[in-house]
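A, B, C, D and E label the chains in the order they appear, each numbered from 1.
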Amino acid sequence: MIDISLFVLMLLGALLALAVYLPLRAGQLSLATPGFYTIGGTVAALLSTQLPGLGGSDAVYPLTSLLLEMIVAIAVAGLLAFLIGKPVLKLRGIYLAIATIALVEILRVVLLSSPWFGAAVGIFAIPQPFEGPEGYLIAYGLLLAIVAWACARLERQPLGMAMAAIRDDELAARCMGVSTDQVKLIAFVLSAIVAAAAGVLAAHYFNSWNARQANFDASITTLAFVVLGGSRTWLGPVIGGLVLTALPELLRPIGDLRLIVFGLVILLGPIFIPQGLIKSKQS
Amino acid sequence: MSAPTSTNNLLEIEQLSVCFGGLQALDRVNLSINEGEILGLIGPNGAGKTTLFNVITGLTAPSHGKLRWQGNSLAGKKPEQICRLGLARTFQNLRLFRELSCINNLQVAMGSNNRRAALELLALVQLQEKADAAAASLAYGDQRKLEFARALATKPKLLLLDEAAAGMNPIEKQDLQALVQRVRCQFKITILIIEHHVPLMMQLCDRLAVLNFGRCIALGSPEQVRRDPLVIEAYLGSQR
Amino acid sequence: MTATPLLELKQLGVRYGNIWAVRQLNLSIASGECVALLGSNGAGKSSTLRAISRLLPAAEGQILWANKCLSSFRTESTVRLGISHCPEGRRVLAKQTVLANLELGAWLRRNKKAIKIDLDYCYQLFPRLAERRLQLAGSLSGGEQQMLAIARALMAKPNLLLLDEPSLGLAPLLVDELMQCLAKLNKDGLTMLLVEQNVYAALAIAQRGYVLEAGELVLEGTAQELRKNSNLRRSYLGDE
Amino acid sequence: SSTNSNAPVNLKAGLPVGAILSLTGNANVYGQDQRIGLELAQAAFKPGSSIPLNLSIEDGGSDEAGAINAFNLLINRGSAALIGPTLSQQAFAASPIAQRRGVPVVAPSNTATGIPELGNFISRVSAQSLVIAPLSIAKALQLNPAIKRVAVFYANDDAYSTSETAIFQKAIKAKALNTVTVQRTQLNDQDFLNQITSALRAKPDMVVLSLQAVDGGNLIRQLRELGFKGTIVVGNGMNTPNIYPICQKNCDGILIAQAYSPELQTDANRSFVARFKAQQAGAVPPQLTAQAYAAYQVIAEATERQNKRQPLEAKPLREVRILLNEEILRGTYNTPLGKISFSPEGEVIQESFFVAQVRMNPDGRSGKFTLLP
Amino acid sequence: MDGLLQLLINGISIGATYALFALGYTLVFSVLGVINFAHGAVFTCGAYFTYLLLGGAVGSNGMLAGMHFPLALPLLVALPLAGIGAAAMGLLVEAVAFKPLRRRGAEPLLYLITSLGAGVILVNLIQLLMGAEAYALPGNLLGRWPAVLALGHGVQIRTVQLLLLIVAGIAMLILSLWLNRSSYGKALQAVAEDGTTARLLGINSGAIIQLAFAIASFLAGISGGLVALSVNIGGPYFGIGYGLKGLGVLVLGGLGSAPGAVLGGLIIGIAEALVPAKLSAYKDAVAFAFLFLMLILRPQGLLGKPPMEKV
């Protein structure tokens, strides 16, 4: 019933959800994920179409080039997150959310308006490293496995616990010796890296890339993944991302009512399962 | 180069003042805490005790005055840095990591995921059975004990306890007293404690400092302080 | 004592998830009485009060107010009945001024003059609040917040006052004053259910008392009986 | 569970054909117009064909992921050809999938440069404004030779607008007119005060705009209200009667570049318009509806011809797709758009383009495109 | 000089729309401490209600195709009625997306999602019933008033926008009086800060929240109608576009402050207007960059109160 290409998008959804989850674990409602995702995609699109040396005109785009793109995108997004994280993470709660949305909007408008990034049309004819969706499935599966494994590990490490402590009470965490600024920044940078890596693959998978992906809707939808899945442990966002990405597709048979039912799910989900599909151990 | 100060002064507070708008919460307070002692801080409500804690732990910037920790200034240090220097505190209004389990609360403070060590600390405050319960689900008194253990988990040299015995009944207060004394010996730490329950403080503390309207009005052994007319008038009341 | 109690708990049970905090509690308060509810940490005292003011549902048993079952009432309606609950942990509205907190305490009352009189009474009871009337409640010291919480509960001019550890965090002098004042209020006809760790003080003003242990009633009697009860003395008063 | 493309094509209910339309998301208006066109075409071509099309319409949303999902879904269901997607951006993402899997795509509404070049399986019936835009500028000059100063508006984040305005601007330059200002807007803008007051300060005689229908309608209304009296030339994106109620009496007199005119007097168009009117209470069909209809017609007629030449029955799906694609590109079609055929790349070759002038009825809410000779 | 004046006027009149939108947001924020993402959809409902009440017919693509309200009401009647209709929608949103969560004492994050869900449902319901097409209110609603008023020196303002500005001003005045002067204002804040405590004080927080939703949605309904008068209803996503700007405006002015919402709206409007024509494509970026800088420099917004934390 579910098509391979949908599986690919589901894995992408899970990755983006993890990117939202990371700062949220540290109590930071950052909605910048689609921005870093777009940056990752743009880096990949530019490199693979503009740098002939990478093998963009080969029949099959070399995996090493893909890896290289990944590294560049991660570096760019990570660096950017590091630079803007410092001032931005001083903001709290909804203010942080709005500031990050503002950044995403700025990025979108600038990318859509500058010819270097393909302007309104975007960059297209992006070379394919894989013959079909199966390749992407494996690549995304690997990426997700790595990120999920890292998150799971992180949660058991002092850093992960410090993140959760900051969400509960930032001030108390500071008084217990947690360098909250540093922890928040790490979470933010990690999130940017995950999103950018997901974007690199997406640019190839989508054959084309434009900055419309970086919009407010996307920010909120990925947040919905996390909330519905559960925001206390890594499995929550993964499940949320998988389920909510698949849902609109699974609802196709009901035709015009599909988005209404989708809306109902995200309306009723938090009401009936306030902790999300995956609960934390305690309480 | 500053001359080395006398070694047994862990923390020195000099001419410390704090203003909130027009309100002088602390007024030229001088106090030095000796290594290994239990120093009690008492005074009427709003005298500035918690504010003093806040200044020491870097949460409130002093408007005036100096803090010296083992001879080095604490000026401009962030709370987390101060904590890592070896000053840990509890909060008057309980600030646990409410969603985390008791054991995770301690692990955050320890900065490690060593379960065994955390369990030992929990056992110290008799909460080992609640190890995996969320902190928010504990009764008030138990939350206080957990905070105490959490502060200990940072391996402090100086432990600041704000109203450590609030919400406990007399027998529990006695337990706490024993616990504090034991902790001092076992962990070789110095303790600065705020508490309104005077009998407890009399028995527990080596010295008592009394704040009133932000000023230190008395400092000395419990006996001296108990007899100080200023203290009786401002804090103890005549019947005690 | 009058024939029908003002408040009656019949076989009350309260639980959090599947943990029972209170079980099979029978308790009654006659109009004009002051009843103390005692017990150690986690005994279920606060949970009992929360059930009465309907912050928590009664998992079993009944709560009767003048023979009327409260189970269909919401918290705000219990206030309308005249039940005023001064909760554990103060819960002052940190972002509003002291005055606004007090005014909100009288939210259901319409008689401006009477409100003003009570406001003055509260200020007289706690002069510190009068000094701080325009300060944000969140910036008060712990004890000052406690005063505010008590004063706010009084502003509702209740028929039944539920006090959860009112002396918590108050300086000794103030505890004495508060207890005297509560005694006077009770003499003037205010019914009270008093949860206190300060057992001496509580039994000094209460006419009767109940003792809970791990959620179950272990002892009840007049204040005098309780004061004399050796078990209680041993386990709660800390007498040798 | 994808259909094996080596298995014989399933003709039980007709030749499976899929359509991917933006029925939801912010391009939903276009998708809805297109759906009507496809439904009309189904009714028109099914009877009397030896091998009718079995059309399934799927919502492609208004973004790339949605289009990709719908493309994959329909290809896996064994579609022999596809119609869609609605937006050019979506085409850049989704059409290469069809190209790789050898499924012919006839795009009904992609106008960005580079779409047919995505591959030999990709063609379109939606003409770019290359021919029309200069035509409409010429017409404006013919109506008012005094025009010297031109203000240009376009939505800077919209693929269609940016493509078309480039053509317009070239045409303006070619006529030796003076472009006094170029104002950029954003796709979802509704209020254009700033751009308009700034443009009016440059005292243009003519305004040329490339915007989608709703934005364009708003802009024209505000332009007129703020006192612009000169000529207005609008692009292809506004070629829909939906603009009448939007700019109301302010629409009167605007010149519009059309890839489709309801006034075109051919049999194909007359019967199309009649069908549309019958279904839509006498309304006039918009361009998007006509183009969707034409896309369906292209596939239906190509199928019919191919089947006559070489019955498709029992042929492997893969081969059917290839044959069908070749036949699509080979043929000439009498569509409501006029006579069309395809370049080898798949670019539409359309004979008739139109410049129409809007004439509003006195009620101010309905009007008519009158063709300018 | 006149050019600059015109730009200012432009900015103010565009800003008035943002301000009106943000006022409703701010009211809900002041009681719940959360953002109601369904606000944009309620605003859209207001616009469609106004259209229908004015006698407009449903276009061809919706389920209600061809239907229309039997009467064509005058604008002054239709607008308040649309406001009431929107208020009803707002109450519905509150009942399904907010109340159940409040009962459970859920964390604020959840409200964002449930209200988003409610918004998605509303938008798609509108599309299902009314179709995706654009609708325009009749052009002659202002009666004898000209479409544009000349203010002298060649400076002009569209009459509709003047109207919007006036409504925004009045709404702000009433709201801030209500929030700051009446005892309801305090109760509202109490509910926002700590619902449990508010209930312990006898405040019927449910009723207060409903009241706030009703007022905010009424306002949204009226503004939806007025904005539709100014720029036409572009489709079911009409209000969503304002949602994001409104959010920015709200934060710029300071969460929970009615004058802040208006000030923020005007400032963003003017900032956009002052973007030179050449760079007009970047005007959204400029507005958001401005917002971003403001946040960094003054995190609590222009008129917001700085957060206070006592240990």
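Throughout what follows, contacts are C-beta pairs under 8 Å (C-beta built on N, C-alpha and C of every residue); 3 or more make two chains touch, one makes a residue touch a chain.
Since we're looking at a predicted model, the values are computed, not measured.
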By label order, what chains touch subunit B and subunit E together?
-> A, C
Using mean Cα positions as chain centres, tell me which chain lies farthest from subunit A.
-> C
Sort the other chains by how far their Cα centres are from that of subunit B and give me the top one.
-> D
Could you grab the centroid distance between subunit C and subunit E? Build each centroid from C-alpha atoms only and quote it in angstrom.
-> 44
Subunit A to subunit C, mean C-alpha position gap in Å, rounds to 50
Let me have the rounded angstrom distance from the C-alpha centre of subunit A over to the C-alpha centre of subunit E, please.
-> 30
Please list all residues of subunit B that touch 2 or more other chains.
-> 50, 59, 91-93, 95, 137
Of all residues in subunit A, the ones touching two or more other chains = 109, 113, 171, 256, 259, 283
Going through subunit D residue by residue, note those that touch at least 2 other chains and give them in order.
-> 24, 156-157, 184, 186
Interface with subunit E, subunit C side, in the complex: residues 53, 55, 74-76, 79-80, 84-85, 87, 91-96, 100, 103-105, 107-108, 136, 138-140, 152, 156
Please give the residue numbers of subunit E that touch subunit D in the complex, ascending.
-> 3, 6-7, 10-11, 13-14, 17, 60-61, 66, 124, 127, 131-136, 138-140, 147-148, 156, 158, 161, 227, 230-232, 234-237, 241, 272-273, 275, 277, 280-281, 283-284
Subunit A residues touching subunit D in their complex are 1, 3-6, 9, 109, 112-113, 119-122, 124-125, 128, 132-133, 205-208, 210, 212-213, 249, 252, 256, 258-259
Residue ranges of subunit D in contact with subunit E within the complex = 24, 26, 28-29, 31-32, 36, 156-157, 181, 183-186, 188, 190-191, 193-195, 197-199, 201, 213-215, 217-218, 221-222, 225-227, 242, 245-250, 280-281, 283, 364-365
Mind pulling up the subunit E residues that touch subunit A in the complex?
-> 35, 37, 96-97, 100-101, 104, 106-107, 109-110, 112-114, 116-121, 124-125, 128, 243-244, 247-248, 251, 255, 281-282, 284-285, 288-289, 291-292, 295-296, 299-301, 307, 309, 311
